[in-house]
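Next come two complexes, and both contain chain A; in the first it sits with chain B, in the second with chain C.
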Partner chain A sequence: MGNSNLSVSGTAPHPAARPATRAFKMKKHWNKYAMIYIFLVPILVHFSIFHLFPILFSLYITFTDWPIIGDPKFIGLKNWINFFSDQLAWKAIWNTILFSLYYIVPTMALGLCLALLINTGKRGTGFFKGIYFLPVVTSFVVISGIWAWLFKGTDSGFINSFLGLFGIEPQLFLSDSLQAMMVLAGLSVFKVCGSTMIYYYAGLQSVPDEFYEAARIDGASRWHLFWKITFPLLMPIHFYVAIITTIGSFQIFDSAFLLTSGGPNFSTTTIVYYLYQEGFTSLRLGYASVLAYILFFIVFGISLIQKKALGKEVNYK
Partner chain B sequence: MNKVSRWTYVPLALLGLLFIIPFLIMLGGSFIPMKVPSGNPFLWITEEHVSLSNFMYILVNAKFTKWILNSLIITIIPVFSQMFFAAVLGYIFAKKQFPGKEIIFWVMMAVIMLPSQLLIIPRYIMFSEFGWINTYWPLIVPEIWSILGVFFVRQYMQTLPKDLEEAAHMDGANDFTVFFKIMLPMSKPVIATVGTFAFISNWNDLLTPLIFTTSEDMFPVTVGLASLLTKEGNFGVEMAGSVLSFIPTFLIFLFFQRYFVKGIALSGLK
Partner chain C sequence: MFWKKSGVIVLLCALLLLFTACSKDEAASGGSTDKKQSATLTVWIHPYVSDELKSKQNEVFKEMGERFKKEYPNVKVKFEEIPWANREQKILTALAAKQGPDVFYLIPDMMAQFADKGVLAPIDDLLGDYGKDDFDKTSLEAVTYKDKMYGLPLLKEVQTYFYNTKILKELGGDPNHLPQTWDEFNALAEKAVKKGYYARNYEGGNTPNATLYPYVWQAGGQVITDDGKIAINKSDAVKGFELVNNWYKNKMIPKDSINTIDHLPLFLEGKSLAYWGTGASLATMKEKGFKDYAIGSPLKNKEIATFGTTGMFVVSGNSENKKLAAQLVKSMTSTESLKAFNKLTKYVPPRKSAASIYNEDKDMKILTEYAKYAKPGVIHPVSRSVMPQIQAKLQEMMQGKKTPQQAADSAAKAIQEEMNK
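Coming up: the complex of A and B.
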């Protein structure tokens, strides 16, 4: 009878249909999450091994006396306490601050000037943009190699022979404990201001034209336009660039390692250079980890300021 | 500020000269034979004998070809795997919904804010245990994907219109088809940015290989050149080494500059 057909569809599904539904559900689940299982899960494992674990592990290392060869010994807070009385560590922090002072403002100012120049839209600005940007992609090793000869502290150095033309006495440069840090800062300004230029260039292009037009009708000079309109409108970029150059400056290592080896008289021993020395020359991994954490606290503090500064974004309209 | 006079070219050119001079010194110096030891420009500008002897010298006496090869190995592999994983994970974080998505993403973003120097010592101890010191592994394995790259691609894919992928899903396409046939081709520029960033940062890295390689045979070109700079004291030889290690970055710069510039403008982080 036709009735039996109807009754089947009205009641609970046939027992044999259930596994099929489960398989269907699993297939649906798989279709939805396949990429996550295949790609994200392995990456999360990688992330845990190579990022999360080392971060936690390094905190443990700070509580140990861990020579590279031999077994670690748990010594509690001793490394942390030692840090506070370590004259050289504080000198390294001071040196790094000094480096930032020489480096941040020139990098920002020069980056802004370069951005203003290429933003004029003249023919050939793209070519110059490329030239200004070239040091950004060049390694510190290559630039330091050139810098070593430019700033050689004898009369055979390039800059010194140039100064000699004007009767200026040869400068010590890298072998002078006051000048050495300035030379390193100069190298970083040269290397980094091309990327600062890009940030400012992006910022300049987002400034609406109407502002200038209105002001120009009022007869404002270009000098005025810059200080009254362009400069204040770039405020978010100033904040942002200031923060990233500051963070970058606290991580300076390459040029101090290559050009001065932290000298003369520890005057270019920066935080990361000192960390490297303690860890891999003095073989004190525990103490070097404390220095890494100090660096982290400093950078973290700067990032917090960044968040606050970026919180009050300036609106153009 | 449209009305700018022709005088703009004066500072443009002067600054351009200032930026290019160090590179010209490098290039010029590399062709000056070794017997001129001095960096004094007034001695070597008048030098008449220009030769390739510096290049011959470092290729024969230093393990320069080996260093370049090492650098290529530890750069090329991460470049391609970072591009791939940035694309896939960028897609997952931009377009897929799954439990824990937000937390995972923001933990990654928090980790990227940490100074990388924090990772060096624990990784050194780990890699010693693995027996990885003086191998390629510590320079490749941690670099196979990058958080920053994932972030770039995610930001980019979030801005792409949903219509295309939705239509494809309606037609019964699965995620793989949508990813490979639609999202990947549309995201080529940002993936190129990730690759360019990866190339420059891996090729130029000094601190990591300085710690994880100890024998000359394993040095990448940065560490090799650094050892040459401290050892040689010969201007021409040093500059020849600098030129050789500079060429690959210069080529990348020539062909991919706009992607690199785009990446800098994109990065809210580096």
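Coming up: the complex of A and C.
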């Protein structure tokens, strides 16, 4: 500040006046913002200990060989270089992208459809709101157990028994490299769409009725009402839901861990599952941290693209 | 005068140091422990039984603590129960923070990995006489890594065949003369498939300890030799891959065998001739009221072999009371302790002197007899981390993407890569 004053006025202030001015300004600033700083202290301490420190520490760990126990051994960029030649890591990234493709759009679409259904205000919608939200609050372990039973790959499996009624051969489902990922995505859609429904439902409440009334007077059909009014006005919700489902899809772990153990033949090994294996089964925390950072870069990049594509403001006023 | 006084002080210090060093040496060589010393030892245990039997398990561990307290009256033993889920992370993170238990429970492949990373204290010199000859040979192999003992065995498991006697009779078999060799079993398996049954279960989602290694050993092969050489793709070992491949190709095992983890319901529903399981499977059969079974021996091609984990108590490298902790491990694996623990949990006791608990239990007596064939897995630092790779190679073979030899070769390559890391 002192230097900028000097360059603007062209003359140096009196040496004794400078500290007094600075002290006065600081006191004024403190009087004005003291409470804000005091209130910020707990969250800053919490953020530093539980977020900032782990982020920086894990960055340091990426340059070390650390089996959790003992002191980390500095190995420079070896873990980062290894990543580029690790086929399994690339396979895990591809599997995660594949999962996202099966997961993001269905989760958003189903969430929106359910929100439209419960937004009709007809009798019983409150009950269905609860029913649709039930999987969200049910444990992943319980739902996985049910899905394992439904999608059993033998003829005694529930879905296979049903398909058998139509003469369809029993499917392998979780034991098939292609189908397994779809089943996992289906489970996640089922588990999560209740919460996207709530976001969309909240968004639908904020769409003004007069837009619909005006459009109806102009002869707009339901189809047009949806595509010309509802859908565009929900753009901030689409953006938010797209971001959280994308982040969620890249963090998928539970279903792969519980239903397929990453198999068959690594076809459901996702990046977080692989990270877990490297960190806690193979005890290579340094390399696992590299995978965590790669995951961060991917999610950050995708979020930026989504912001560019979906973050437009829609305003009819 | 000054130099005289200083000399006396230096001499006294030297004697003191010598005395301290001698005491340490004595302690380290397994000599007597000070039975009056006071300390608190923490033991991490797990739920080895179902919730209904939890109070009985607590009772067994409480008695173990009291038994130790009789010898070491000033030592407090604290048992803390840790759930099975994510126990590895819990142990490692606790040890990394220089905290955690003095004594905890491990299985052999984890022990080798942990010992290799320096997490465990070798206890050979801390135990004194622990009744070596009373333990069966394979269970002591399971607690040994690079010629050092890191724990003492608490329990043994054994995998073997359970046959559905109704199906067996339908196929012309005799419950008193069950298959002993691969050929005898496969002949029966073919008949089972013709009649619309599966020959056996195959839970490919489990580790190769259960899904591959027993057949490799039965064929006379090894996964990694005792001197650390990779042998999984040698001709004998490949026969193990071929056996699994033939079972799958010939529909002797269910279609979802590639990565399923539970085929017991198929056996209980009477759809499978045999079930490859453990004492835990037997307990479920009894619980479900399934009575038409006969227990057969693990099979033989060149030799009889099976997998059976050995659960052990180990001493943490972080423990401030390693000698006391080792003595506690010895006490918790004494004949009395093993009798009480294994009688409750229905595992096989690794001490011969404790085997009498199953004198009245025909089935457990048979399993105890077969325990001598049970190998504890592959004792090597990479054995645990390479398991997902070997599992994937087997799955590729079952999907028809690799021949048995190719699957074995790529498993060998994966082990080599893991060793190079």
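Heads up, the rule we're going with is that the second predicted complex is superposed on the first by the 251 of 317 C-alpha atoms of A that agree within 3 Å, B and C clash if a C-alpha of one lies under 4 Å from a C-alpha of the other, contacts with A are read in each partner's own complex, and residues count from 1 in each chain.
The rule we apply is simple: a residue touches a chain if its C-beta (ideal position, glycine included) is under 8 Å from a C-beta of that chain, and two chains touch if they have at least 3 such contacts.
The model shown is predicted, which means the values in this text are computed figures rather than measured ones.
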Fill in: Simultaneous placement of chain C and chain B on chain A, clash or fit
clash
Worksheet item: In the superposed arrangement, does A:Pro54 touch chain B (first), chain C (second), both or neither?
Response: first
Worksheet item: After lining up the shared chain so the two structures overlap, which partner does A:Leu225 touch, if you call chain B first and chain C second: first, second, both or neither?
Response: first
Worksheet item: Touch check for A:Ile217: first (chain B), second (chain C), both, or neither?
Response: neither
Discussion item. With both complexes overlaid on chain A, does A:Asn265 touch chain B (first), chain C (second), both or neither?
Written reply: second
Worksheet item: For chain A, which side has the bigger count of touched residues, chain B or chain C?
Response: B
Practice prompt. Check whether A:Tyr199 is in contact with chain B, with chain C, with both or with neither, and answer first, second, both or neither.
Written response: first
Worksheet item: Between chain B (first) and chain C (second), which does A:Ser177 come into contact with in this model arrangement: first, second, both, or neither?
Response: second
Worksheet item: Considering 45-53, 207-215 or 243-251, which region of chain B has C-alpha atoms that clash with chain C after the structures are aligned on chain A?
Response: 207-215
Worksheet item: Residue overlap on chain A between the chain B contact set and the chain C contact set?
Response: 68, 152, 156, 280
Worksheet entry | Residue ranges of chain A in contact with chain B within the complex | 31-36, 39-40, 43-44, 46-47, 50-55, 57-58, 61, 66, 68, 113-114, 117-122, 124-125, 128, 130-150, 152, 155-158, 161-162, 190, 195, 198-199, 202, 212, 222, 225, 230, 240, 244, 247, 250-251, 253-254, 257-258, 272, 275-276, 279-280, 285, 288-289, 292-293, 295-296, 299-300, 303
Discussion item. Going by the contact rule set out above, which residues of chain C touch chain A in the complex?
Written reply: 86, 88-89, 92-93, 95-96, 113, 117-119, 204-205, 254-261, 265-266, 269, 271, 384-385, 387-388, 391-392, 395-396, 399, 401, 418, 421
Item to complete: Sort out for me which residues of chain A touch chain C in the complex.
Response: 67-70, 152-154, 156, 170, 172-175, 177, 260-266, 277, 280-284
Worksheet item: Given the complex with chain A, which residues does chain B contribute to the contact?
Response: 1-2, 4, 8-9, 11-13, 15-16, 19-20, 22-23, 25-26, 29, 38-42, 85, 88-89, 91-92, 96, 98, 104, 107-108, 111, 113-126, 128, 141-142, 144-145, 174-176, 179, 200, 203-204, 206-207, 210-211, 222, 225-226, 229, 235, 238-239, 241-242, 245-246, 249-250, 252-253, 257, 260-261, 264-265, 268, 270
